[in-house]
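A, B, C and D label the chains in the order they appear, each numbered from 1.
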Amino acid sequence: MKSMGIVFSNIHDQSLPELTRRRTIASVPIAARYRMIDFVLSSLANSKVTEIGIITKTKYHSLMQHVGSGKDWDLDRKNGGITTIAPFVDAQSGPLYTNRLEAMINARSYIESSKADLVILADCDLLANVHYNEIIDEHLESGADVTAAYKKIKFVRKIDRNVQELEVDDEGKVTGVRHHNECTGSMNYGMNIYVMSRQMLVGILNEAQTYGFKSFSKDVLPRLLRTYSIHGYEFKGYIRSISVLDEYFKANMDVLDRDIRDEIFDNKDFPVFTHVLDSPPTQYGPKAQVKNSLIADGCYINGVVENSVLFRGVRVDEGASVKNCVILNDNIIENGASLDHVVTDKRVLVSRERRLSGCEGYPFFIGWGESL
Amino acid sequence: MKSMGIVFSNIHDQSLPELTRRRTIASVPIAARYRMIDFVLSSLANSKVTEIGIITKTKYHSLMQHVGSGKDWDLDRKNGGITTIAPFVDAQSGPLYTNRLEAMINARSYIESSKADLVILADCDLLANVHYNEIIDEHLESGADVTAAYKKIKFVRKIDRNVQELEVDDEGKVTGVRHHNECTGSMNYGMNIYVMSRQMLVGILNEAQTYGFKSFSKDVLPRLLRTYSIHGYEFKGYIRSISVLDEYFKANMDVLDRDIRDEIFDNKDFPVFTHVLDSPPTQYGPKAQVKNSLIADGCYINGVVENSVLFRGVRVDEGASVKNCVILNDNIIENGASLDHVVTDKRVLVSRERRLSGCEGYPFFIGWGESL
Amino acid sequence: MARRKECVAMLLAGGQGSRLYPLTKYVAKPALYFGGKYRIIDFPLSNCINSGIDTVGVLTQYQPLELNDYIGNGQPWDLDRNYGGAHILPPYQKTEGTDWYKGTANAIYQNIPFMEKYDPEYVLILSGDHIYSMDYNRMLQEHKDNNADCTIAVLEVPLEEASRFGILTTDSDNKITEFEEKPKEPKSTKASMGIYIFTYDVMKRYLERDEEDRDSDNDFGKNVIPAMLGDGCRMFTYAFEGYWKDVGTIPSLWESNMDMLAIKKELNLADPSWRFYYRHAPRHPHYMGKDAVVNNCIIAEGCEIEGTVENSVIFADVSVGEGAVIRDSVIMPDTSIGRGAIVNYSVISTRVKIGENATIGEPFANDSSKITVLGDDVEVGSGENVEAGSSLEGSARGQREVVS
Amino acid sequence: MARRKECVAMLLAGGQGSRLYPLTKYVAKPALYFGGKYRIIDFPLSNCINSGIDTVGVLTQYQPLELNDYIGNGQPWDLDRNYGGAHILPPYQKTEGTDWYKGTANAIYQNIPFMEKYDPEYVLILSGDHIYSMDYNRMLQEHKDNNADCTIAVLEVPLEEASRFGILTTDSDNKITEFEEKPKEPKSTKASMGIYIFTYDVMKRYLERDEEDRDSDNDFGKNVIPAMLGDGCRMFTYAFEGYWKDVGTIPSLWESNMDMLAIKKELNLADPSWRFYYRHAPRHPHYMGKDAVVNNCIIAEGCEIEGTVENSVIFADVSVGEGAVIRDSVIMPDTSIGRGAIVNYSVISTRVKIGENATIGEPFANDSSKITVLGDDVEVGSGENVEAGSSLEGSARGQREVVS
């Protein structure tokens, strides 16, 4: 039983505009040294899924640089391996696709030419270590036509964004799909991870083209529910959807929790791989004071860092203070500067004595390459 | 002294429409197992140029599959290696570039971020084993700002197409550039291969953008001639420009000549690499009659083949006859079929007893996947 | 941080191949050329990756240089994995002393640290001298279904040939009841192919015990398998069907090359779903000259054929001059056959130079003692005659001496 | 089909490293950890690729398993080349017999076939026990400019230390006039770094001659270099400036790790144009706990630091419990330090387990005999005290015994 993966790199770009101005959601940096796609690629590879199509649309230059030949995930294979499916624009082609279904129709020849039995569809918006092999096993055991993964979530605050809720009966059968514009209370949160036979997906794509369907979850899924059996896979682990900036901030803070760190990173059969940069180790100077923080390689820290996540190559000078922050790669925080509840994109320079402060639930975002 | 290469994969697509309907000129198959870009990539790699940007525009899917990570040319490198520079279309971007200059402006950040001293520009329309290291050496010795390669060619027939002629004085200095719409008589045929410092190219691109120049050879080169010294490198080896179908046919036939074969393929320091397919060896049946032909791996031949070039995986059944033909990959020529002066694209099936015949100077072309 | 690999393959590639001398003078047997494009080791390596086994230890000892180079980083077989992949395992010095590999079991024993890195449940033991296509994963499935300690792949052989093999007797469930090496009076026609799957923990226990026994030859067939059988371990046969050839002698090497000329081959080299991979060199497609005559043969890339080639397997970069005739022969890479030379019923190794109008061997006579063998770098002068059945070996400078 | 490589590097990685015992009990010296992220061999390998030398033979012999694994296909150093790249070269059996490597010159001699594949003009000889950053290409340029037969990289050393080195005396053109191994009365302060460039043909001739001499130790320093000098070969020094450390002893290993703590390091590990490459394992960024105290230290990925770390180099995946204090120490990967434990002036190897409230060593005293060393897999029980200057080695199961 051979499986292939289809990974959507651009879906959800619009929900995190700050960080997706020059990149896809797949290449958004997370947890001090990773990018969002690392979790999907690593876990597929760890589940022995070694034929993976990454569907891209726009702004995929940084994604391609990060993924490269797939070597870092051991996915540079003669057969299968990673295929980037970009819109190979030519004069005849229409406008770029805008959703999952159109994207897969664009990738149909890739999907049709595979020899895999099963297809796994996945997005890049979740911080989680999903074990795809378990979903596949449950899919096969259930005998269902499609398996959809969900997570029982209780939202303590109302959050504005589109979510898909699955109705699942006691036998684990999906009986309905609902779409909401906000998240509130308890629900079976649809993870947009699907497993089905490759032949079935090809059939769906043919039908979608014939009938002009536009959306997988709004047009196709309800039809499937009427005719086919859809099994619900309940994911029981940690999950965080990187949907808005505050959730992005919280996802980073989550990793300061030892249990979450252990679950995501310390499963020996499900390690998380990322693109290798050969950074030197991080060095702490004589004035460093660092507490409850996750620190990547290649940093030089001689100031105060607390409750923060620092990516590779960050410099925190003597007398600088970084608290409750997410500091992306190659930032320089100069002497006397002070940051609190700040998220900085890459290559930001915060000059001496500068004081920047957001607040809980509303972090202050500083864009790529700014010098303040 | 470090050099980088910029390879244009789409320039000249329009001159060979039959074979570039679904591919770039760079991925046009040639000489039984190669693609046009193999000659440029191999020779750059053999010249120790291991940082190469391939500029693509449209229809580059087959090119990316062929080149992959660059492994087959030993160009999958941590530093440098092959970078495919596609138009990373986003909502804001304008129309696709239409010429060399616009393409390089699109690739400017790639060129600017390199650490190379020199840049080599090259197209993919020439069948030749150009030793780029010699051009670099001559460029450095001459002390010129730019070196342009040319070949003294005598056209025996008039051929309709755009050519660039270089005027070169006795010291090897380029004194003028002329453009013709047809080739006739003797000329210094411009090979569109240029060497210059990377800084100079960056300057040219800045200027081109400021002044809105459109064409490298029509706008930029004449200006350079006024201000800078341009050295002409005379290429003395075999060369054939794959410009129109008949030239494509002739290029393939040229390789039946032992001297040309030796020159292109049998220089031990300049081997030609191509994408590896693990074909089995070619097998000849008891009825095979094969003369003066170049035959790739993975064929099964039990018929008559004369003065022809057969690509990988071709089957010629008993009683079939293939004379003066270029037969691309995975064709099947059935029992009793007869082909003369025919060029077939990939996956063509010629049924039993079918007779197809072009003539000298006007080969008959059969498109991809046709069954006749 | 040992991530588990369910099954690790250990490929015994140390054999000296003395019955293939002089072809094995400079190279280990698994590095020998086969079938126009391949080396023998391409078959087990390709079978591994096609069976989903991506971790292969290659145990080398004798003349490993060319083999090491050939395997390199494992990339041609998709075995250049970050975790797993192909690893060359030569003998090495330890703090307590140094050992060359003794028997097959000792070679595996010495590499217990290698295997344990992958914490395997099963180990597949392979050898590097067989040509075949086999899905080891099916065999592993049977091993698991049988809850076996050891599964041995077997082939049905004609009763009259059975005494050349290790013969296994089984009950109706394929459970092995008896094992005899080269029995005079074989009780079964199930011949061991030298391909074993062991449950790792059981194998480790028996290897350790075998090491303690100073009288043991440390060989799987002679010592470990009989010991396990004696203790009542759960041992099963796995029935293999299809083409399988041990290429351990010159006649069998010649014959199996000739097998590749059949139009309906038992071993399909062109199956796109079960490719046999090999390491490539940059060579142009082969050229058939204006007066070439070919008939029932395999010709690899880089060749320049101006003469006649019939019923033969011609490897890469071989040149055959005008008027030369090659029949019923195997010609290995980079060899040149001068104009007018005649080669019959021969196995010609790599980098051989045959002068103009020389004669090698006699026409095919179905008598394998008449096969003529020229080793690496042999040079045969113009007009010279090499008698049928001769075996010549060359030196680096191309002189030669008769070895048999 | 030998395509030429101008210069091939041969890296002698066979040293047993007995002065680094017990750290070298299970691994060859070049595989020892260094600087928080690296192994010693990362330095010569990175220098090679950064100098444009992409063909490196790594000669292994003693405990090569971990080193072989670490080098693997050479990919981390960009040495996974189709043509060239990193190749492990263990001793092997030949038709005529088998040999372990004797001296350094014999090791290179035995690998003449490897070098000749690349038809090199020059050979760079390196060893695997030095930490430094060096552009070999500049040295090669000087070698060519001097039209030399051999160029030896030298370092200026204080006169009082010169008698510990091989000392070269030169004329004003840097042409070597005299060479003395560890002279009692050194005539110069130019110490050989054990880095040689030879013109290949000359070296081959001298290696062949040295092999014929049965009294020779087959060593470059003792035999080959003096023989060449005696014959009047053109031999030059190449003056190296910068950080260079031989990490052949426990004190020098400790010291050179401490050197990496300097803010202005002599050896810049962060230079983007001269990266030191290493093989990665998938580990998360390190975590500094709520009560962590750090001061002047290097900490690698995967660590979980809840205690105090000062003036120390902490490798990957080390855990330091609450209240534990580490000072002036080197802690290698996968080691855990229990709550309240105190570690002073120590070198702690990999997979060591230190129990709660244990005490290892005494505060730094500038007396290298007081460095405490715990070998691989040592376990120290809760509350136990390991005396300063002890050297313990562990077994696979974590027991331990005193070695000095």
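By definition in this document, a residue touches a chain if its C-beta (ideal position, glycine included) is under 8 Å from a C-beta of that chain, and two chains touch if they have at least 3 such contacts.
Here the structure is a predicted model, which is why all the values come from computation and not from measurement.
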Any chance you could name the chains that touch subunit C and subunit D both? A, B
If every chain is reduced to the average of its C-alpha atoms, which one ends up farthest from subunit C? A
Contact counts by the stated rule: is the higher one at A-D or A-C? A-D
Just curious, how far off is subunit B from subunit A if you go by their C-alpha centres, in Å? 40
For subunit B paired with subunit D, centre-to-centre distance based on mean C-alpha positions, whole Å: 47
Give me the residue numbers in subunit B that touch at least two other chains, ranges are fine. 71, 76, 271
For subunit C, which residues are shared contacts with two or more other chains? 1, 75, 80, 82, 277
Please give the residue numbers of subunit B that touch subunit A in the complex, ascending. 58-61, 64, 68-69, 71, 76, 84, 86-91, 96
In the complex, the residues of subunit D that touch subunit A are 35-37, 75-76, 261, 263, 269-270, 275-278, 280, 282-301, 304
With touch defined as at the start, can you tell me which subunit C residues reach subunit A in the complex? 1-4, 78, 80-83, 273, 277
Show me the residue ranges of subunit A that touch subunit C in the complex, using the header's touch definition. 71-72, 74, 76-79, 115, 268-269, 271
Residues of subunit B that touch subunit C when the two form their complex: 31-33, 42, 71, 255-256, 258, 261, 264-266, 271-274, 276, 278-286, 288-298, 305, 310
